[in-house]
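The structure appears right after this line, and notes come after that.
The letters A, B, C, D and E name the chains in turn, as written, and every chain counts its residues from 1.
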Amino acid sequence: MATSVGRMQEKEPQFFAKLGHTTVHEGELARHSVYTRFLHWAYGIFFFLALFTGFATYMPFLFRWFAPAFGGPATTRMLHPWFGLGFVFFFGLQAINWWGPMKWTDTDSRWIKHLPEFLRSTQALEPEDVGMYNGGQKLQFWEIVVGSIVYLITGIVMWAGARTFGATSVAISYILHDISALIMLFGIFFHLYQATFGQPGTIQAMTRGTVSEAWAWTHAPAWFRQMTGRDPRQALEQERQRRIARERAIEQLARGGPAGPPGGGRA
Amino acid sequence: MEVSRRTFFKAGLLGGVGLTVFGFDAAPLLAQTQGLKISRTTETRSTCPYCSVSCGVIIHTIGDKAKNVTPQVVHVEGDPDHPINRGTLCPKGSSLQQDIMNERRLTKPQVRRPGSTKWEDISWDQAISDIARLVKKTRDDTFIATDSEGRTVNRLESIAFTGGCTDTNEFNFLVVKTMRSLGLTYIENQARV
Amino acid sequence: MTERRTLQTEQISGHPGPVPGMGMQRNLEVCKLIDATTCIGCKACEVACVEWNDLPFQPTTFDNTYQTMPETNWNYWNLIKFREHQREDGTLMWLMRKDQCMHCADPGCLAACPADGAIVKYANGIVDFHQENCIGCEFCVSGCPFNIPKFNPATKKVYKCTLCSDRVGQGLEPACIKACPTGCLHFGTKEDMKMLAETRAKQLRDVSGFKDAGVYDPESIGGTHVIYVLHDAKNPELYSGLPKDPSIPFAYKAWKSIFKPLGLIGATLGFVGVVFHYVFEGPKREQPEVPPPKPEPPAGRKEL
Amino acid sequence: MNNGRDMTRPDWEKRIRRARELAAQYPAAAEVLGFYGEIAAFQREIFVAAAAENLHADPMRPLGEQLVRPAALGRFPALVELVEKKGPAGLAQAARELRQETPDEWRALLIKNSQPNGSDLTHRFFARACLQPMAEYLAFDSKVQFSGYSGPLCPVCGDKPQLSVLRPEGDGGKRSLVCSCCATEWDFRRILCPNCAEEDHGKLPRFSAEDFPHVRVEACETCKRYLKSVDLTTNGLAVPVVDEIAAAPLDLWAAEHGYQKIELNLMGL
Amino acid sequence: MTNGWIDMKNTDMMLIMGGNPAENHPCGFKWPIEAKRARNAKMIVVDPRFTRTAVVADQFLQIRAGTDIAFLGGLISYALQNNRINKEYVVNYTNAAFVVKEGFKLPEDGLYSGFDPATQVYNKSTWNYEEGGNLTGKAAAGATMMAAAMHAGAHPAMVVAAAATAAAKPGAPPPPPMLPPNVAYDLSLEHPRSVYQLLKKHYSRYTPEMVERITGIPKEQFLKAADLFTSIRKDGDTKKVGTIIYAVGWTQHTFGTQIIRTAAMLQLLLGNVGRAGGGVNALRGHANIQGATDMAGVFDILPGYLKVPVPNDKDFDTYINRITPKAAKPKEWDSFNYWSNTPRFAVSLLKAMYGDAASKENGWAFHYLPKVDRRYSVTDIWDDMYRGKVKGIFAFGMNGVAIGPNSKKNIEALKKADWLVVCELFPDETSSFWESPGITAEDQKKINTTVYRLPGAGFAEKDGTFVNSARWLQWKNAALPPPGEAKLDQEILARIFLKIRELYQKEGGKFPDAILKAAWSYTNPNNPSLVEVAKEINGKALADVTDEKTQTTIKAGQQLPGFGFLRDDGSTSGGNWLYCGSWPEAGPLMQRRGTEDPSGLGIYPNWGWSWPMNRRVMYNRASCDVSGKPWDPSRKQVWWNEAAGKWVGNDVPDFKPDSKPQDHMGPFIMNPEGVGRLFVPLGFVADGPFPEHYEPFESPIANPLHPYQSTNPVVKKFKTAMDKYGTPAEGYNVVCTTYRLTEHYHYWTKNNPMNVQLVPEPFVEIPEELAREKGINGGDKVRVTSARAEYIAKAMVTKRIRPMKIDGKTTYQIGIPIHWGYRGIVEEEGKTAKDLANELSPTVIDPNAHTPEFKGFLVKLEKA
């Protein structure tokens, strides 16, 4: 069963639509267009290139072993700002692309308040009002937006150097660039984790563009509802209740007494 | 490196007693000697041509005149013995090498003919006989043996000689001798200004 | 290279681990003394520098000054700066300062430099750039309180005065020293130069009427290995902007050496975090979608 | 200006250290330098002893006549032993022969060879090795004022120069000569032959080789003599007497080309 | 220089004025610095600009260009009034005590006695000493006489001038006035006509206020400097010594000689001449300018400063009589009058020039020499060429177009010449005059001058002698041959001369005698060895010559050991008596490189050779008091050794060695008086016995001393259409001065990349205030216009030149370094306007030294 692409909130340039397509199998939902995926991997690659060249260049006492891969320290240094620009460029496009879906809502604020509970996985499902992206994802998105702007400005200052912007600007930029990088680095661990081990099935959204319906209603219930019109939550609840009841019944059966919820029920 | 017995003896005998009498192992030293690329430098005392402090300079040239190799200036050193400059040089003196070995130097006699718009190369012989001819003509046309009052003056007022600031005393004496003998009154020099 | 052999390294930029061989032997701390009060701005030192270091010719343009160019350059490491200064009593001074690397005891360039081994401070006090290790990031430029390191766009490397480390390594004085015709430049141990400078400053105070004459050897960066005798040591800025209390930007000192590594540890906590999460909490798996509840079976019907 | 002795103050440690350094740098001369190092260590003892005994030279008598003193003579056996053990074959043989002689004969040998033109070359070596440090000490101690002196012979002991040194003076290198006997160093003009006073620059070639950037042969075409000069404006770390020995191949080259050294160094080169 | 470079370290006080040694003689300037460092010597710098010399000065005074006499006159006045003089020195070693002739008038109105307005020359007959003996104590009588003369009705100057004119019969020139052999004097210095009193009176007009009005130096600053400079004679101190150091900032004026004289007078009054660390020290601008003058590279002398013959010298004896001075002194004193040897010098010179052709019979070939009776200075060459009289010119190393003055006139002049022969190292402005900016190809076709450009040899390729500022002759050796086809200068000159001689031999022509007879017995006539020439200059005995006193004989053919051996009977020859002794039989002394300085005074007696007779400090007898003891025992140069009965010392005594102090022989042995001249008698200086301040020829103000005789009365203008002069009324109201920079050397180093890098472009130094007024920013192009031309360059706006109050009027000065032209690295890259600084300078020259007034002319300035 295929779902209409048009219902996705992402717009896709004609070029990319022609370039590739997204096959949605039975039990799957289309999540990301080819364009989105392309952008993601583009800035993803640039991010890591910039990250590694950055490591090699700016903390060589730990990471100078990165440099040979880029043709030595000097080339590494030379490439880094270009990688950075690549990252900012593609991420910039993505930001335009995602500007809508990433809008911050009350739901997201609520989500953030309950973050510790989500981390501890006390619930199997996202809250029912979580849409295409949850608060965490949005937070990371906006962090990257802000971070990219910081990168861009401070990077250019350092790139042009003290000759153009003066020693003080460079020194300040140096710190801000570092801070930006450290925060983003911190965040990226979660991103990678959540995309892979943390929430199995996620990465498929950026590879094939689809997610399973199960994934969708687990991790983005509102979106799932929007996409399918179904709301399996009640059914799940009932099922859950049913199972609980059933287990109790079995327990009672094992004890030899009548099974049923406290205070009455089927017995 | 192979050290022949002959070389050994030759160098050994001449090269001090250390090798022959004292008995040091000569082979490695001789081997190194044979591999030496020796360059011959000549040090020439000169005087900086710029201001009148007369800083001593030592011009180092390589190239052996005897072997018909045109000397090249490799270094101009402030003369450490010179009591005035004691080895120091000013920015002009420090760049003297550029003054000596300068691609802008004139290296060929040239003439610019009347009405011409360009320089032409000319041989020395031609230039000198042309100049002598010009001088003689001008002199014979304008020489003044006696002045209006009949006094002997034997002078030539139509040719001038101006000398430069790095003309040597000896050259200047030759100028006096030749030019006064031609009758020149207009003998002047940079010294005037 | 000879100087590597003969000069003892004390500090290296961006280098992992301790400096090789540090503290094995103590070299005498060297120092260049510039008596700005007897400098006549003749530029013999500029020529000597260009010639010794084989620096290529660079076309210059007139810029309303006797100064050869506005600032030192990647191919011009030694520049006499000319500054006209009118004193309070109306008399004029034409202050000439031979500008070049100051070879700071606490070099800002080295602090700022991320490249391994691009900037080296020898035990004798010389701060030297090794261009083969330079990555062309120009941080040294911003780390230097004296605006000395200069970038060569062609080679993408930064250059500056080496205090003729090659010559000093051979036991010689720097090229500029030997060129000075008035003897306003001296070279020797820091101790001797400091003493000579103080003596001259005293002469200036006592005999020449410069009551504020003194020695410039700024403590804020631990002193320098190029020191000046100035007519007015209280206002070094007069000498074409010699900073009174030069300092190294926070970015390259506390930030770079303390907070930045801490930050890196902080960032890697993200990794630790996710590992912990995976181990102790486990992944959040997708929940199979439960089909809509079937109609309630008749009461009392046993499923089992 | 050559005003003080500070620049020539004998520093034996420096010589010994430099000999070791140069031996590594110039393997061809390693044997000679190694032996020189041993001799220098021996000489240091005599110098130190002379200093400790507070010896002085009589300014009225030639220095060369005042060298044979107990501080030196008493250490002669040690020298003989050292040479026998560590010296090259020829010298070792001579040392073995000397060991057989009496102290009086040693004294006679030293006296005979303390003057220039001493006869036997090996004996001259032993005399110089033993007496040089004494001469050096006495010369250093004598405080003879020779600033302004610019003659070709040592202002203190009158001996011939053994090498020349170029020391930085302004942009240039000021030349001084080092005495072959007492190692006194005195100013001597550039472009002037210390042997025959030739001043014609065309007849005073300087030969140099890339192997020894700071040592060159200062020859004279007129008298066919030469000295090597150690250029401290090119290498300030050089210790002239030692670096001169290390550049022995230049001596061999000069000999091959018909030049004779004004005075051989201690190692007979 | 009377002293030497190294000698400056011995000084206690320096007045550097009209020179900028830090910039133009950096390596020599180490010695003034040394004096400051080691002796705590003080340095006063007076200059129109705050120069790099001023940087290390203890006091800097900004002076208006061309007002140096006013400043120095003020110093003289200050020294006299405050008794800051060395009285013993002044009385005994100068002509202060001499009594001047009646009728001599001081120039209160700008004119000395004897001026003839029609010819603009002085009759100098009153500029003389009074005949007579010791007038000490007879001052009153003298005063009366003077007063009587003053009240005689007519202006005394006019009377004398009229008398002189009347006496001069046409045709027969009047006999030249002579110095009286027995000079009247008053050792009390009180005689009103004594030089001292006249001097005092003359300079009493140079009050600090007047100095301020003329020079622009505020009174307080002037007084401070005057006090400082004369402080060496405070409280009767005679030990300390001060020096005056100058260069072309003094010579390049229409009264340049007089500026230097003023300085010399000041030094005489202070007793500083002849002493270590003292003297009047000219820093010559070029490597061998001193030598070129010694060797008479200039029209008005023969080698060794012998005067040139004039048409009235009908034979050799007349000539010799005219030029040989007779001693003129107080009867009781002695005077060596060294110039009394002139006949020996002159005969030997002629023998050197003409060999056997010079015999007693033909007056030593006297008539081979051209007779000179007018000015033939370098400025006149261009003038005469412009007027079509000079047809051909040799320029061997002198870049006449660039040197100017009024370069455009020189270019125009060359267009009119028939031929020009240039011998140079680099393409220069003179040889390229026909392709100078503004001349189109069409124009070039109309220029009919033939130009030869011959490649000469640079310093490193030549041997021979240079003479430095300190009169040291130093031989240098050739390090390499000239490049390409370039030749040694002497070869070029010799070949041209021999070719001319050949033509005269073959074809005859006008008066060929001198050409054919000139001695030319060099081993290689086509390329004379300079060694042979140097020996010829030193001189040799042609027959055995014996010195009577020492009984030493110089054999025929041998080199002479000194000028004492020169003879006037033809038995010696010598090209320049001053250099006699430089190459004796023993060998060339100027090749010596002895580094000994036994006295520690920096004498270095065995380094090179210094004229005269290796004396390093001239007039060094004056370093001792009358009894022959040094003024300062710590700086002993020479002294009288009673036991030996002669003068001995660290330096060679510049004196008659056996003249006892009691004989009172004057230390200034070259003067017939034997003493230093505070008052210059007769015509030795054309413009007055005492220097008087005159305004530069182009001046922003009328002379405050005498507005109706503002400029030097004996200076004459050139009169061609191109000789234009500007006035403030025409808007030329900015004072302009020209100079050199450390980084460049004349018109030479613009061919060296290194020097071009150091200072790439021409510029004009402009005071901030003027720049503001004209809306000029640093780096803007400005146009400097003089009456003659305009000059475009970038502006250097600076605090180092301040606006000045000159006679109450705000006046600006600007400065232009001269180093650029139209040939050179940047010029050929099209980076500059290709103007020559000397296009601006005026064709007006000093009446004595004939040096053009490159300093202090008037211009307009505007933004270009």
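As a working rule, contacts are C-beta pairs under 8 Å (C-beta built on N, C-alpha and C of every residue); 3 or more make two chains touch, one makes a residue touch a chain.
Note that this is a predicted model, so its numbers are computed, not measured.
Trainee: If you check the contacts of chain A and chain C, which chains show up for both?
Mentor: In this structure, no chain contacts chain C and also chain A.
Trainee: Comparing centres built from CA atoms, which chain ends up most distant from chain C?
Mentor: Here the answer is chain E, farthest from chain C.
Trainee: Which chain's mean C-alpha position is nearest the mean C-alpha position of the whole protein set?
Mentor: B
Trainee: Pick out whichever of the two, C-E or B-C, is joined by more C-beta pairs in contact.
Mentor: C-E
Trainee: Going by average Cα coordinates, which chain is farthest removed from chain B?
Mentor: Looking at centroid distances, A is the chain farthest away.
Trainee: In whole angstrom, how far does the Cα centroid of chain A sit from the Cα centroid of chain D?
Mentor: Measuring from centre to centre gives 83 Å for this pair.
Trainee: Express in whole angstrom the distance between the two chain centres, defined as the mean CA positions of chain A and chain E.
Mentor: The mean C-alpha positions of chain A and chain E differ by 92 Å.
Trainee: Could you please state the distance in Å, as a whole number, between where the Cα atoms of chain B are centred and where those of chain E are centred?
Mentor: 29
Trainee: Counting only Cα atoms for the centres, state how far chain B is from chain D in Å.
Mentor: Once rounded, the distance between the two centres reads 39 Å.
Trainee: Touching two or more other chains, which residues of chain B qualify?
Mentor: Residues 42, 44-45, 81, 85-91, 93-95.
Trainee: For chain D, which residues are shared contacts with two or more other chains?
Mentor: If we look for residues of chain D contacting two or more partner chains, we find 168, 170-171, 189, 191, 201.
Trainee: Which chains touch which?
Mentor: Chains touch in the following pairs: A-C, B-C, B-D, B-E, C-D, C-E, D-E.
Trainee: Quick check on the complex: what are the chain E residues that touch chain D?
Mentor: Touching chain D from chain E are residues 477, 591, 593-598.
Trainee: Enumerate the contact residues on chain B facing chain C in the complex.
Mentor: Those in contact with chain C are residues 85, 87-91, 93-95.
Trainee: What residues of chain C sit close enough to touch chain B in their complex?
Mentor: By the definition above, chain C touches chain B via 42-44, 46-48, 51, 178-181.
Trainee: For the complex, give me every residue of chain D touching chain E.
Mentor: Spelled out, the residues of chain D in touch with chain E are 148-150, 187, 189, 191-192, 199, 201.
Trainee: Which residues of chain C touch chain D in their complex?
Mentor: Answer in residue numbers: 6, 48, 167, 170-173, 178-179, 181.
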